[in-house]
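A short worksheet on the structure shown next.
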Amino acid sequence: MTDLSVRIAGLALKNPVLTASGTFGYGTEYAGYFDISLLGGIATKTVTLEPREGNPMPRLAETPGGMLNSIGLANVGIERFLSEKLPALEGLDTRVIVNVAGNTAEEYAEVTSRAAAHPRVDAIEVNVSCPNVRHGGLAFGTNPAATAEVTAAVRAATSKPVIVKLTPNVTDITEIARAAEAAGADALSLINTVLGMAIDIETRRPLIARRTAGLSGPAIKPIAIAKVYQVRQAVKLPLIGIGGIMRWQDAVEFLLAGATAVQTGTLHFVEPDGPVRVVEGIRRYSEEKGVASVTELVGALSE
Amino acid sequence: MISSVSCPVIDQAPAGPGIFTIRLKAPVLAAEAKPGQFVHVRTADGIDPLWRRPFSIHRVDRRRGILLLSYRRIGRGTSLLAGRTAGDTIDLLGPLGKPFDTAGRFDKAIIVAGGLGIAPVPFLLDALRKEGKRAVVLWGVRSKAEFFCLEALRGRKTAIHIATEDGSEGFHGRVTDLFGRLAAEFTAGSGFSGFACGPMPMLKTLQPLAAASGFPWQASLEERMACGVGVCQGCVVRMKNRQYRTVCADGPVFDLAELDFND
Amino acid sequence: MTDLSVRIAGLALKNPVLTASGTFGYGTEYAGYFDISLLGGIATKTVTLEPREGNPMPRLAETPGGMLNSIGLANVGIERFLSEKLPALEGLDTRVIVNVAGNTAEEYAEVTSRAAAHPRVDAIEVNVSCPNVRHGGLAFGTNPAATAEVTAAVRAATSKPVIVKLTPNVTDITEIARAAEAAGADALSLINTVLGMAIDIETRRPLIARRTAGLSGPAIKPIAIAKVYQVRQAVKLPLIGIGGIMRWQDAVEFLLAGATAVQTGTLHFVEPDGPVRVVEGIRRYSEEKGVASVTELVGALSE
Amino acid sequence: MISSVSCPVIDQAPAGPGIFTIRLKAPVLAAEAKPGQFVHVRTADGIDPLWRRPFSIHRVDRRRGILLLSYRRIGRGTSLLAGRTAGDTIDLLGPLGKPFDTAGRFDKAIIVAGGLGIAPVPFLLDALRKEGKRAVVLWGVRSKAEFFCLEALRGRKTAIHIATEDGSEGFHGRVTDLFGRLAAEFTAGSGFSGFACGPMPMLKTLQPLAAASGFPWQASLEERMACGVGVCQGCVVRMKNRQYRTVCADGPVFDLAELDFND
C-alpha cells in the first residue's frame, strides 16, 4: 500500500489531489455527487472583501481541447462566505484552502486575516491574477515587486500556510516565483488560466463579453507542465500543479515534473467525480511501480 | 439525488428535419425527473468536444424506466449524439435544474413555445394531465417543415395552435403575435397559468404580453453551459432585482416577470 | 466575387493564406499534393548562415489538441538554400518569404542580405524566438531592446519587406510589437509556438529530448487570437495571424481579430492540402456575407 | 503520386490478440504501393487525436484494388480505427516512404521480424515471390499467443522459423538469438540478402550480426511521426556519417549498416 499523503507547507494532505479555485464552488455544490472527504483538499472560489457580481455575460466559450472563462471574481464576499458557506464544510474530513484576492495589498491582507481566523480554514491561496489598481491595471502576478508586496502583506496577516498562485502570462515565471518565495510564501500553486480569446464569425462578436478571458482545460496542460518544471528548478518551495488535468496520468505527469500536489479544475465540468478517479489512478500507478510514498514521484524524472 | 450515470441507448430515430429523438434506459432519472429539468450529456469520450451538452427532458416513461431527448443536430456534439445507436451507452448527468411548477393553483396552462423550445413540452403536458389540468399549446416555427412530435402534443385535454413565420400552416407570423391575437381568451382570474420555452428574443417579446395577461408565467431559458450544476457561475442571467442567477441551477425555469432582458 | 487579395507591407498577395515556417519545408515538399500557386505565399523553414542539424531526438510529441516540437533550427544553411532549394520555387505563382535567424544581430543581417538579394525572394520574416547568445540565452523576442536590435539590423540589410515574427511567451506582447515597429518592421507575424512540455509517465522521461518545446495546433488558437487582438490595438503595422488554424473558420476569426493575412502550420500534417481549403472557405464566407474585398473583414468586430 | 484519399472500408476482422486486419478499397494506392512503404491514416475527424497514425502496408490485392493494414490496438488512434466497419471511409495519405529493394541481385531473402514488425512482411514476400526469389522468415514474438497472419507468411518458396521469448513455440529466446543460431546457414556469396523489421533494440542487436553475415541488409524503422512526408524534420535518425535522415521520407527502409544506434 502506497502512502498517498503529502505535506504542503506543514499542512498534511491525505492525498495529493485538491480542487482548483472557481471550479468547485464553495466546496459543497458537488457534495451530492461524491464524498468530498476522499480528496486531499479543496480550494474555494476566490473570496474578496465585498461581494462581487462578476463580469457581464457571455462568460464562457468552448475552444479546441479547452475553454475560456471570464467569470470575474463573482463571490459572496468574506462576510457571507464565513457565515453561510464555511459552516457547511465543518463535517468534511478534507483540507480547506481559501483563495483570496483584493484591489490592493491591504485588501488581500484583510480578507486573509478574516478568513484565516476561522478554525476550519487550513491555508490561504493568494490569487495574484487580479488587476493591480495602483499599477496600471496589469495583474499583480505579472510583476515580481507587486507579487512580493501582496505576498508579504498576506504573510503578515496569518500564521497559517500561504500558497501563492502564479499566473502563466509572464515572460519568466521563475522570477515571480522567487519573488514570492523571498516574500514569505510557504508554497506556490500554478498555473492560473492562460490569456485567450475567441470570436463568433457569424455575429463578429467576441464570444466573451469582456473580450479576452482565461483559457483552461487539457489544451493548456503542456504549458502548465513546463512552468512547474521551470519553477521546480528555481525555488525550494513545494508546488501544487494545476492545468488541464483530465486523467490520473496527467496528475502523475505533474508530480514527475516537480509538483507535490495537484489541483483539478475544468475536469469537474466533464466528470464531477473526476478528482476521485485521479486519486484512485495515482494509487494504482504508485502501487504498480512499487512506490512506498507518493512523495517519491515528486520531481522524479529519470536521467 | 443528482448523479452521473451511464445509460444504454434503446433506440434513436429521426423525428423531423435534422431532429432526432433518442430513447435511453435510465430508470432512476425517469423516476426522479420533473418537467422543465434537463440532463447534461457527454457526447464524446475524449476532449472533442470538451464540454457536456444540455438537453431538456423531452418525456419519460416511468413504468419502463425510459428517458427521451429530442434535439436538433447543429454541431459536433449533437452530430456525435445522432451517431449513437442501440447498444451504445451515454453518460448523463441529471436531473438538473428547477422544474416547472405544475402543482400551483391553476387549472388551465397556456404554453408558448418557440422552435426547439417545444422539446420539454410533451413532458410538461404529461405532468399537467396527471394533475387533471387542461392545456393550450401555442407553438411557433419558421415553416411547417420543422414540425415534429406533434402527436405527443395532442391529447384529450390539450388544444394546439400553430404559428409559422412563412405562413405554411396555421397562423402566419410569430408565436408571440399569435399569443397577442388569442390573449383575450386567456383572462386572469379564470385559473390560467403561463409557461414559456424558447429563445431569448421570444421571451423578451412575450414578457410585456405576459405581464398584461394578469396571471403568472414561468419561463425556461437556455444559456451556454460548462458545469451545468451551478458551480462555475458561467451561465448567469440578470434578474429585475439586478442580481445574477445561474440558468443551470437557479433555473432554467424562472418567473418570467423577474427576468431582466435589458442587461 | 470577393476580391481575396491583400497587401502586407507593400507586398500584394493573391489571397490572405500563407504557410508557416517549419511546417512547409522549403516550399516544394508538398508540391505533389496540390498546386501551391493557389496560396497567397509560403514562409520557408528558418534559414541560418551555417547549416544546422537541429536538436536531438525525440523532437515531437502529441498533446491534447496540439503538439510539441523541438526541431531546432535544422536547416541546410543559406548557401545551399539559395543554390538547391530556391530554384525549385522559380515557376510558382506565389509569394516566397524567407524566414531567417542567427546567433547575433549581425548574423540575422547577413543571412537577410544574402537571401533578399535573390530576386525570387519577396520578403524576409525574422524569427526572434532564437536564444540570444549575448544576453543570457533568453530569446531575442522576449526583450524589446533585443527585438529592436535585430529588427533594425535586418531592416538595414534589405529594402524588401521585413516581417518580424513574435513569440507569445512574454508578459506584454504589445511592448515587443511596438519595439519592432519603431525599429522599422513593415509587418508582424504572430504567434510562434508556446513554451510547453510533456512527460512519459512510464519511462519518467520528458517526451522531448530538450525537455521544453514549442506547442502548436488548435490548442493554442485562443492564445493566438488574443495576442493578435492586443497587438492590433497597439501598432499600425499589418499583422499576419498564426496559431492553430485547422479550418477556414479559424482563419476568419484571425482576420476579424485584426490580422490582414494568416499562416497555417500544424494543419499541414493533418491535411496537406488544408491551406487550399482555407482559401476556399474564406472565399465562400466572404461571398455569402457580401464582402467585396476580404480586407473589409480585417479587425471588423461588431460593437 | 502521393495523395490523400478517402477509402471505403471493405471489412475488418480480429487477426490475433488485440490485432486487427482492415481491408480498404484503394485502387490507386494498391497499384502504386511497394513493400516497406506505409500509409498515414487519419483516425479521427476532429482533433482527438490530432495527428495521423502511420501503418505499414500489410498486403495489397492489385487486381481488386484492395489495401490491407494489420495493427495492434494500443491507444486512442488504433481504438478508433478498430471501431470502423464496412461502409465507413478512412482518409489515407500514401504510399509514403522508400520501399524495400526486392529487385537487387540476390535470390534468397532472410527476413528478421520482431513483434508487429511482421506487418509489412506478407507484402514483401508477395513481391519476392513475383521476382522468383526464395525467402526465409525469422519471426520473434513474446509468446505464441501473439501469432497472427501466419498463413500469409507460409508459401511454396518461403520457410518460416519462430522464436518465442517464453518458449511457448519454436526457438526459446529472441529472434536475434535465433538468427545467430542459424547464421551459419546464410553465408555470403550464396545470393542472400537481409531484411529486418522490428523495434529499435532488435535492430541494434542485429546490426553486428548482420555485418558479420557479409551480405547486405535493409532495415525498416519506426519513429513518432507528425507530417509523415519529410516536411517537419521530426522523425530523424542518425546515420553513421553523423547526418540525420527522416524516417518517413528518407526511410523507413535504410541500409542497416549505415544506421548509428548509439546516438
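A, B, C and D are the chain letters, set down in written order, and residue numbers restart from 1 in every chain.
The working rule: a contact is a pair of C-beta atoms (placed from the backbone, for glycine too) under 8 Å apart; a residue touches a chain by one contact, two chains touch by 3 or more.
It should be emphasised that the depicted structure is a prediction, and the values quoted were computed from it without experimental measurement.
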item: Of A-D and A-B, pair with higher C-beta contact tally; value: A-B
item: Interchain centroid distance [CA atoms averaged], subunit B/subunit D, Å; value: 55
item: Separation of mean Cα positions, subunit B and subunit A [Å, integer]; value: 36
item: Interchain centroid distance [CA atoms averaged], subunit B/subunit C, Å; value: 47
item: Shared interface positions of subunit B, touching two or more other chains; value: 47-48
item: Touching two or more other chains - residue numbers and ranges from subunit A; value: 64-66, 217-218, 246
item: Chain-level touch network, classified as line, ring, star, complete or other; value: complete
item: Partner subunit B, residues of subunit C touching it in the complex; value: 64-65
item: Subunit B partner contacts - residues on subunit D that touch it in the complex; value: 44, 46-48, 76
item: Subunit D contact footprint on subunit C (complex, rising order); value: 22-25, 29-30, 32-33, 45, 53-54, 56-62, 64-67, 69, 71, 74, 217-218, 246, 266, 268-273
item: Contacting residues of subunit D [partner subunit C, same complex]; value: 1-4, 42, 47-52, 93, 223-238, 243-244, 263
item: Residues of subunit A that touch subunit C when the two form their complex; value: 63-66, 68, 138, 142, 169-172, 194-199, 201, 203-206, 211-212, 215, 217-223, 225-226, 229-230, 244, 246, 249, 252-253, 256-257, 285, 300-302
